[in-house]
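For clarity, chains are labelled A, B, C and D in written order, and residue numbers in each chain start from 1.
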Amino acid sequence: MDGLVLLYLSPELVLIAAALLIFGLDLLWRGRKSQTLGFVALGALVVALILTPIIALRSAPTLPFGVEWGNQIALFCGACGQTVVDISYWSPQQIADALYVSDNLTNFFRLIGCVTGIVILLASYEYMATRKYAGEFYGMFLLAVASMIMLAGSANLLMIFLSLEFLSIVSYIMTGYLRENKLSNEAAIKYFLFGAIASAVMLYGLSLFYGATGSLNLVEIGHVVTTDTNYEVLSLFALALVMAGIGFKIALVPFHQWAPDAYEGAPTPVTAFLSVGPKVAGFAVLLRLTLEVMFVYRVDWVILYSLIAVVTMTLGNVIALVQSNVKRLLAYSSIAQAGYMMIGMASISGSSNPLEGVNAVLIYIAAYLFTNLGAFLVVIAIENKTGAVDISQYGGMIKRAPLLAVLMVFFMLSLAGIPPTAGFLGKFFVFGSAVNAGLGWLAVLGVINSLISVYYYFRVIRPMFFDPVPEGAPVITFDPWLRFGLVVSAIATLLIMLFPMPLFNLATYGAQIFGVAVR
Amino acid sequence: MVQNFTLLIPLFPLLAFAIIALLTRSRNRLSAWIAILGVILALALSLGVFLEALAEGAELAVNPFYGAPIVWYPYGTATVNFGWLVDPMGSAMLFMVPTVCLMIFIYSVAYMRHSHTGKDGHTIHEDDPRYARFFALISLFTGSMLLLVISSNLLQFFIAWEIMGFCSYALIGFWSFRGLKEHHIDDAQVGRARAASIKAFLTTRVGDVLLMTGMILLFITVGTLDFTQMFSPDGLNNMLLGEPPIGALQWPTLIALLIFGGTVAKSAQFPLHIWLPDAMEGPTPVSALIHAATMVSAGIFLVIRMYPLFVFDSQTGGFSMQTVALIGGFTAIFAAVLGLAQNDIKRVLAFSTVSQLGYMLAALGIGAFVAGSFHLITHAFFKALLFLAAGAVIHAVGTNDMLKMGGLWRKMPITFLTFLIGALALMGIFPFAGFWSKDEILLEALRLGFFSESGAAPLVQFVFISLATAAFITALYTGRQLFLTFFGKPRDQHFYDHAHESPVTIWVPLAILALFTTVIGFWNTPFAPAFTGYVGEAGLVGLPVPFEHHAFDQLALISIFVSLGIAFGGLFVAYFIYGFRPVGAGQPDPLERLGIIYRALASKFWLDELYGYKINLDGTARAGLLVRFVGLLSRFSYWFDRTIVDGLVNLVGWFGRIMARLWGWFDKHVIDAIVNGSGSVTGEIAGWWRTMQTGNVQNYALIAVAGAMAFAILFLLRSFT
Amino acid sequence: MINDIPLNYFLSLAAALFCIGLFGSLARKNAIAVLMGIELMLNAVNINLVAFWRYGSPDPILNQAGIVFALFVITLAAAEAAIGLALVIAIYRSRDTVNVEEINLLKW
Amino acid sequence: MLSAITFLPLLGAIIILFLPNDNAIKRFAILWSIIPLALATVAWVVFPTWPEFTMMNGSWCSPEINAASLEYYLGECIPWIPALGIQYHVGIDGISMPLIWLTTLLTTLSLFYSARNISTRVKEFFALFLLLETGMLGVFVSLDLFLFYIFWEIGLVPMYFLIGIWGHEQDRPQYAAIKFFLYTLAGSVFMLLAIIALYLFSTPNTFDIPLLTATRDNSVWAKDVLISTAAFIGFFLAFAIKMPLFPFHTWLPDAHTAAPTAGSVVLAGILLKLGGYGFIRILLPMFPGTFNSFAIGIGALAVISIVYGSLVAMAQTDFKRLVAYSSVNHMGFVVLGFAAAAALTNEQLINPELGNYFNSGATAINGAVLAMFTHGVITGGLFFLVGMLYERTHTRELAQFGGFMATVPIYGGLLLLTAFASLGLPGLAGFVGEFLVLRGSYTTLTLLTFIAVIGVIFTAAYFLWRVVQKVLLGKADEKWVNLPDLRGYEVLTLVPLAVLMIVIGIYPNWILDTINAATEVILKTMASV
């Protein structure tokens, strides 16, 4: 084993190690000083965040940050094949049975994961301060972030399955974190049952894939299906089953139904994580699968993706119209958002440069991340003080907490895709790539959907500004960490719009790893 | 030299308007004097220009005072310029307009003071509460009339024209609103004034729109609106270049008719004459100024200005001049007949105005340019005189109704005398102004219609007959007016007692106007046609052909006697009906014996009920059929907007919610059915999952698995095909 | 001996097992039974993987991916069962039921 | 300069957030809003010397863009998202200049008026208003479609809140606000798609308006009928809704009626103009061919707007609603003017023999742009007047009023002036634009213009019948016996508008001169060689 492996895996390793440390310390301190453990978790995330660019730079030390990140592969787990080779994905014939890669795409998702983790952690301090087992929560949370990153870096069916299960199991636990809360329990068990069935179905698909191609490595499978048409039927069948597992993570229709229930029942910081983490990681896997394995079947999956995109965004938006619980509303909203991302996925196919679609999806993911987290942070801040999660309880928020109200408007605008917000930029890229790919109709449906969505996003805003302050409603205060998180999300949401070049470059580098194999 | 300052003429009254409106509106007397000063300055400058023009003589017609220095707007690579243009007829107008205006201004100073009986029985004299406002508006009016007269550009002309329309609106509606403390007007009057003002504006607006259309088409076909350029040799010929717009109708005809549409409305010609009688709701000086002397004659002036176009049209075979003659001739007799049955002293004059304007148009239409123009000038003087005298009577008596007057000559001899002069002029009796001008017109009609070298023209014959008949009726109703008002016994003692001679500021203008009425006719007698030489000798701008003029001959002599005979005949009939046996108090008008004809006349042939709206004495108004139709259309449009257009939008707006419900329904019925169906297939009993949305996680999972299977099948189908 | 049994037999067995498991997990009311159904599905996958490894791999000794995968699946099934049971206990404590149909506070 | 004008209000809005009390906020907002007004005035005054400011020397954009935007003045250009060829590119010409000036003027007046009338949630109101100003100004200055779109949308949100929060309770302000928002957004999202399509199918790929116009005849998007038609429709929908053109107008009465006075003023005065500005800045120069083929249809919609708008206005009993519908009527003329210019064929544009057509097109565009400007002035004034009346009487039912000419003469005089300006009395501002549009459109859309002229009569009818007669004339009612006349600040608010109405009506050259310079350029770019 090469020593470099440790470096290439360092963000994940740091997170996992910190999680273990937290578990240990929590045991030692018997549940006290949970705040300190929270800071440990924060520290770990920050370290991981700092390590990511170092890894990227390590691969191309002569070039400054963000220009050319090189393409490094780290092979891991000797039992499954050869030891580490430093090799580019661009020469498929040399591929070994790689399990895990640390390439630009992984790095992109490392950044995404760490930022998600940090923001949610900032928001959960106050939430967790009054609740039991906070220490464990922080540990679990770090594991969730780590698993999310690992899912993004998996280059092997086995690794995909393992990371996915890792992420799932941690998510189940976090969802059911409020042990005495009926809703939390119910959410967790529903999430679990649904997830278990979905992953079993997916696993069946994976086994068929293995049977068809004799390999677990994505690139190798891609190589096989590209060169050999015999496996087309089996591969496509397997693919459909695999979609169930990934769709479950992303909450695509028709695999979405767990999401509203789980979002509503879970502790709100966890909901925030669920709405971003698994979804984002799911897209990472989907990207790898789409581009490396089944690009040759693009005629098929473009139909499928378009269909899913339309149904997902329409259903999410339409059902969100009648929701009154903010968390549930945001759940449906995030389903719809996944639908927009699927437009980007679908448009990977047709254009002369499929990487534009990848770009669009990655940018959308980043935009969505900050926006959605920001919205959830507002919900958390309000829930912390008042326990209110219903739209009708948000009356007069502009008086009670002007910052929250104003930022909520901003985040809602971003979710609806109205400039000058990151959400607009994301939609701009996604629709642009769709038009470019000759899927203009999809873009038209997308904008119609974003119109519908404005209605319910503004339903959240309306009582905040137009309704009077309810009798005896307290002024809402929140701790500086949460405020910091909010401000960070808001500024990021704004800056992504105003200065999109860094993000655009990041996404481009992330997309560069794919060499498209055409039959 | 003075000609270079022509553009300043309208400026003085406009300045007066601005000063009164902005600064001195609370100082009645001061405002009045500022207004009068404005007119005097304008008059002085106008007279300067007039005299300079006279010095130029007939040559002025082809080489007028002209300058267009003001760039009003640019369009593309060209510009539209404003400036001044004074030709002989314009200079005559410059003499007539400010003179008449000045008289009316002076008259108004006293007229706008009202007397009423206070609570303690004393007679109280006080200024009208809107005294300053009145002077501001008539200043604005005078200014725009002068601007119109000197306009070098049709667009400029049109702007002035429309501002006058606004003044007319505002002055007809002068008493259309009433504050809580204003007691000199009653509610009925308010209602009448309100309806009349709107009626006037909208009716003339119809004509304005036609005029504007014509103007724009002219602009497009000729390429300019500047009179001198338009009537330059190339200008009008440009019109023939384009494709004829509608069938056989050629451009010049269409444009001339559209422009004439403006005249029809402004000069109250049939069928758009309906507004003028109701316009008498304004104060009497306004009636004199706007609805008799000047503004309505602006319509005639428009035809005079555009005369080259009309001539050009008839030269190229169009029928616009015939139309002008036809409408003028018909209106002359039509309005005269209506004037017979009016009891309101001002309305009689209003109809006579309409009739006289018809005279002018008929003259212009048959090609008697000079005669028509001259009648325009003389008519302004004697009609202003008549109105002002009638106003003095109304002011003194306190009513408009002639049936309540009678025998007033004893009480107000000066007024009577001046009115008599005006009435004789109107009837066309020697030697007053109307005689000369009217005689000229009849002579021309006679000559062109019956003794023309190019054969008889039926239209001109019709015009002659109609005008001659109208002259007869004019004498008849004017005589009726004279006898009812000033002779016989007082029919209402209360009003009679109230009557008194007018104050000096009222009768002096009357006297001056009477003087003009007496002498102005000698400007153009058949023996010494100075006016004809000045205006007609050199033709017009762009029409440098002298208007045909005959020396005094036998026909002219015959014509003099014929017209005198007609006038005296009418007067005699009037005397026979009204003077010989005066109408007593409470007696009906002898004409009422005509029955249905009288009623038709009194209600103006029910035209108001057809396409205008009828204003009742009590201040209510009844919309005519056309107006009602528009109202209905409007309400229908609004209903359409609310229910259909907005309804569709709301449908889209609710689309989301409807969709949401649909999804719910879909879930409940369709998916449930599918689920149940699949349940029975697997041999299990239905009812495990009531609906997808009950929160049952197995339900969710089933959907998910079914979805995955559906995808798989989709793929498989794809692969097998 | 085992070579005499065609691959299809294994695959059919796995498919049948998978369907039974799927049916169980979708149809049973008791949460524990649902868990068992899921275990069945995972085991079906294991059969698949091992069979494919045995029949499909060019060199089963060198390339052990399938069998390793199966090992991981077994481990994971255990973890999943643990977490599932824990959740079932939790829900039983708070709601006194493990009937999946009755766990429906969260809906619409 | 342009950036300063555009972003100063935003800076002001941010500063307002930190100001302590209401009075300070009001005073600051008014004074601050004068700065852009002053800058805009300076920009206009130096108009004759503009060519010297064609493009700032420090332009960092590509030479093609610099070459394409020679006709735009006070330009600033900085690469923004180079990967997509998006520039921060601003610049103005004679068409945007008056509109910018009007925006700053109306904002200042609105703020000035609102300072006395808004007493609740002062901070939010003034901050939102300044934010709105930035959005509106941004649309007028931006020369990059991406930038254009962003500013276009920025204006929506403040307006939404202005209507929703400070709207009149009985008018369902929240419904009106969301209707306004959704409606406008519905149009603009399609514009977004059109913008994307233009970018993708242009060579070089760019969002730059001048560059797109310059390379139009060589680009795929213009050659391909399908793309250009689809993109045209996308843009057209956005602009038509904003204008608003029949049948997309129904958001307007609700929004106008519900909005607070200052909101209505800006809504009618500026926001509607954004649509018209889009026509002239994007549709005409970039899609002359497509527009040409749609010209008759769009002209027909415009004429329907004119006639139908006036008819519907006639049926109103609510003063403010009436004024709102009058906007539909008047904006119809604007669209008619643009449609008439678009109806010119390529030959008519380039053939010097047919110079008359060129000038007619110029007249139509000049008229339409001037009509936008004057409509802003006049309708702004009308909404102020309605608001002032409402402040006093707390009703807008026309049937309740009467005789105000006698009881409140100053108000009466100003209302009379504004109403007559609005119905197009020559000598006042409204006439000039209307006349020029009709003059221009008779050349190409003769029959439609004939019908439009009927609308002129109806316009006069409803203003006289409904506004002047019901409000000013008639007998004063006892219940308004203590109605106070306009106070000093109210008169001060209206005087600039009244002066503009008269000055433009009497002597429009000063503004048309500016507009005409730009119009010629646009007509020339419309012609493809």
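The criterion applied here is as follows: contacts are C-beta pairs under 8 Å (C-beta built on N, C-alpha and C of every residue); 3 or more make two chains touch, one makes a residue touch a chain.
Because the structure is a prediction, the values reported are computed rather than measured.
In this assembly, the chain whose C-alpha centre lies farthest from chain A is B. Chain D has the Cα centre that lies closest to the mean of all protein Cα atoms in view.
Work out the mean CA point of chain B and of chain D, and you get 35 Å between them. Averaging C-alpha coordinates per chain places the centre of chain B 96 Å away from that of chain C. Remark: chain A and chain C have CA centroids separated by 27 Å (rounded to whole angstrom).
A straight line joining the Cα centres of chain C and chain D is 66 Å long.
Within chain B, the positions touching two or more other chains are listed as 695, 697-698, 701, 705.
For chain C, the set of residues that touch two or more other chains comprises 22, 25-26, 34, 100, 103-107. Shared interface positions of chain A, defined as residues touching 2 or more other chains, are 189-190, 193, 197, 201, 261, 455. Chain pairs recorded as touching, per the definition above, are A-B, A-C, A-D, B-C, B-D. Contact residues of chain A toward chain D in the complex are 398, 409, 413, 418-420, 424, 428, 431-432, 435-436, 440, 443-444, 447-448, 450-451, 454-455, 458, 462, 465-466, 500-501, 504-505, 508.
In the complex of the two chains, the chain C residues touching chain A come out as 11, 14, 18, 21-22, 25-26, 31, 34-35, 38, 41-42, 44-45, 48-49, 51-53, 56-58, 63-66, 68-69, 72-73, 76, 79-80, 83-84, 87-88, 90-91, 94-95, 100, 103-107. Residues of chain B touching chain D in their complex: 21, 70-78, 129, 144, 155, 158-163, 165-166, 169-170, 173, 176-180, 182, 187, 190-191, 194, 197-198, 201-202, 205-206, 209, 212-213, 216-217, 219-220, 223, 245, 630-631, 633-635, 637-638, 641, 645-646, 648-649, 653. Every residue of chain A that touches chain B in the complex is listed here, in rising order: 189-190, 193-194, 197-198, 201, 232-233, 236-237, 239-241, 243-244, 247-248, 253-255, 257-258, 261, 299-300, 303-304, 314-315, 317-319, 321-322, 452, 455. Residues of chain B that touch chain C in their complex: 682, 684, 688, 693-698, 701-702, 705.
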